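In this document, chain identifiers A, B, C and D correspond to the written order of the chains, with residue numbering beginning at 1 in each.
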């Protein structure tokens, strides 16, 4: 499991990466079961990004893949996507911007971002994971 | 009505079929009214598959047809699909992966799976029904 | 973590204990994060017991204590109890009838029952845990 | 408005105060509009405390008073309390454990905690606000 020190390290590293891009974002770190560990909303990031970052992180944790994989998979199945979103009370968010976090073979959780383009959000998350000595793949 | 012995037999048969495929899945067996009778999540299946398998089984029980039929029917009507999903609190799941269970002319319930491709999920459910001496059609 | 074999063993042991009492019940086994692993509804148990058993098991898993402890704690705080129930989308169920499952110091999950009196429900769950070689306390 | 530096300072100060008590907790800092700014779940705090801490912080931010004031006010009005909880989707949490954050006359937001007794949760929040050079009252 991720410690709080590790989870805080992930949100902090993500903030630095987003600051380098000049894009204010929200960041959420969840455990492997989809429960929140650490969160930060940067000055200037829209408040709705707080919910969206959490939804993306939840999605990456639930499937152990970048949330972008669910975006791609669900593109031809909008009705199925809507069903999963409703049955999970709005957590399922099939959109680019979150990555899973692995230590070796073990899924520890996920980090998600919102505030930039989806591509920027994901890049910042990936950078944070790698700079923390963890991995986004098994 | 399905007995618990029959419902448990369905989840067990489905597990064996999924193990043969090498794909960990969740399985839900519901009665004809859409209420849960038996459930099993295989080691290694994602926890989110627990909700999805139940949604598919609910959908097959509600209409007495494979949940794939609702996928096909709802494809040109996304707003209607979303409405049914929301009004049923996320139970309606128009996606392949569940089949109804009949004894003779009588609808007894449904079995749904999640964890593989939709086609794999449905195949495993169908196998379980047939091996249990029941039928997926009237 | 509980394996499916262990989770199925818990629901089966609970069924035998409830059959000894002559009371049909539903049983739910959840992992330590509150996600469903195994479920069985006995012949003659009311369908609404399916939801209630899951709510109780969730509550025991969330706090690592019998759900009865939440009943006692929340008795003088009905408004707080209602808030947690709503924020957890109906999962929080402060009522006797579920126990946590430990192996040594580790919380593995919880088993909950519904269908009898709360005391019967809890007794059946405790019996199942102990007969499975696990423990309801650290 | 609270900066992220200030919000992070509040969660960090709260962690130190909770560590002094030896009680693992979750902490949520919200802005004056009830939107999340910073969050941390300490190692060993139950995952359900993540939701409860946010509910309490939301309540303190919404009314500009400690969430305990809503507990007291709503004690004789359980139906009204339930209505507000449901209409706010579980955000309204009338329970001790969160305080508002003021700079001079201005309400900046709130900090909430969960994991200890309600009194411990509130004490840790108050300590964090005062150590951060801010105030819990106008």
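The criterion applied here is as follows: a residue touches a chain if its C-beta (ideal position, glycine included) is under 8 Å from a C-beta of that chain, and two chains touch if they have at least 3 such contacts.
Keep in mind it's a predicted model, so treat the numbers as computed, not measured.
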Greatest separation from chain B - chain, by CA centre: D
Centre-of-Cα separation between chain C and chain B, whole angstrom: 24
Whole-Å separation of chain centres (CA-atom averages), chain A against chain B: 30
For chain A, residues that touch 2 or more chains besides their own: 31, 33-35, 89
Overall pattern in which the protein chains touch one another (line/ring/star/complete/other): other
Chain D residues touching chain A - in the complex, by the definition given at the top: 3-4, 7-8, 15, 31, 33, 35-43, 47, 50
Footprint of chain A on chain B - complex, ascending: 46-48, 51-52, 55, 71, 74-75, 78, 81-82, 85-86, 89-95
Chain C residues within the chain A interface of the complex: 31-35, 89
Chain B-touching residues of chain A, taken from the complex the two chains share: 33-34, 62-64, 77-80, 82-84, 86-89, 92
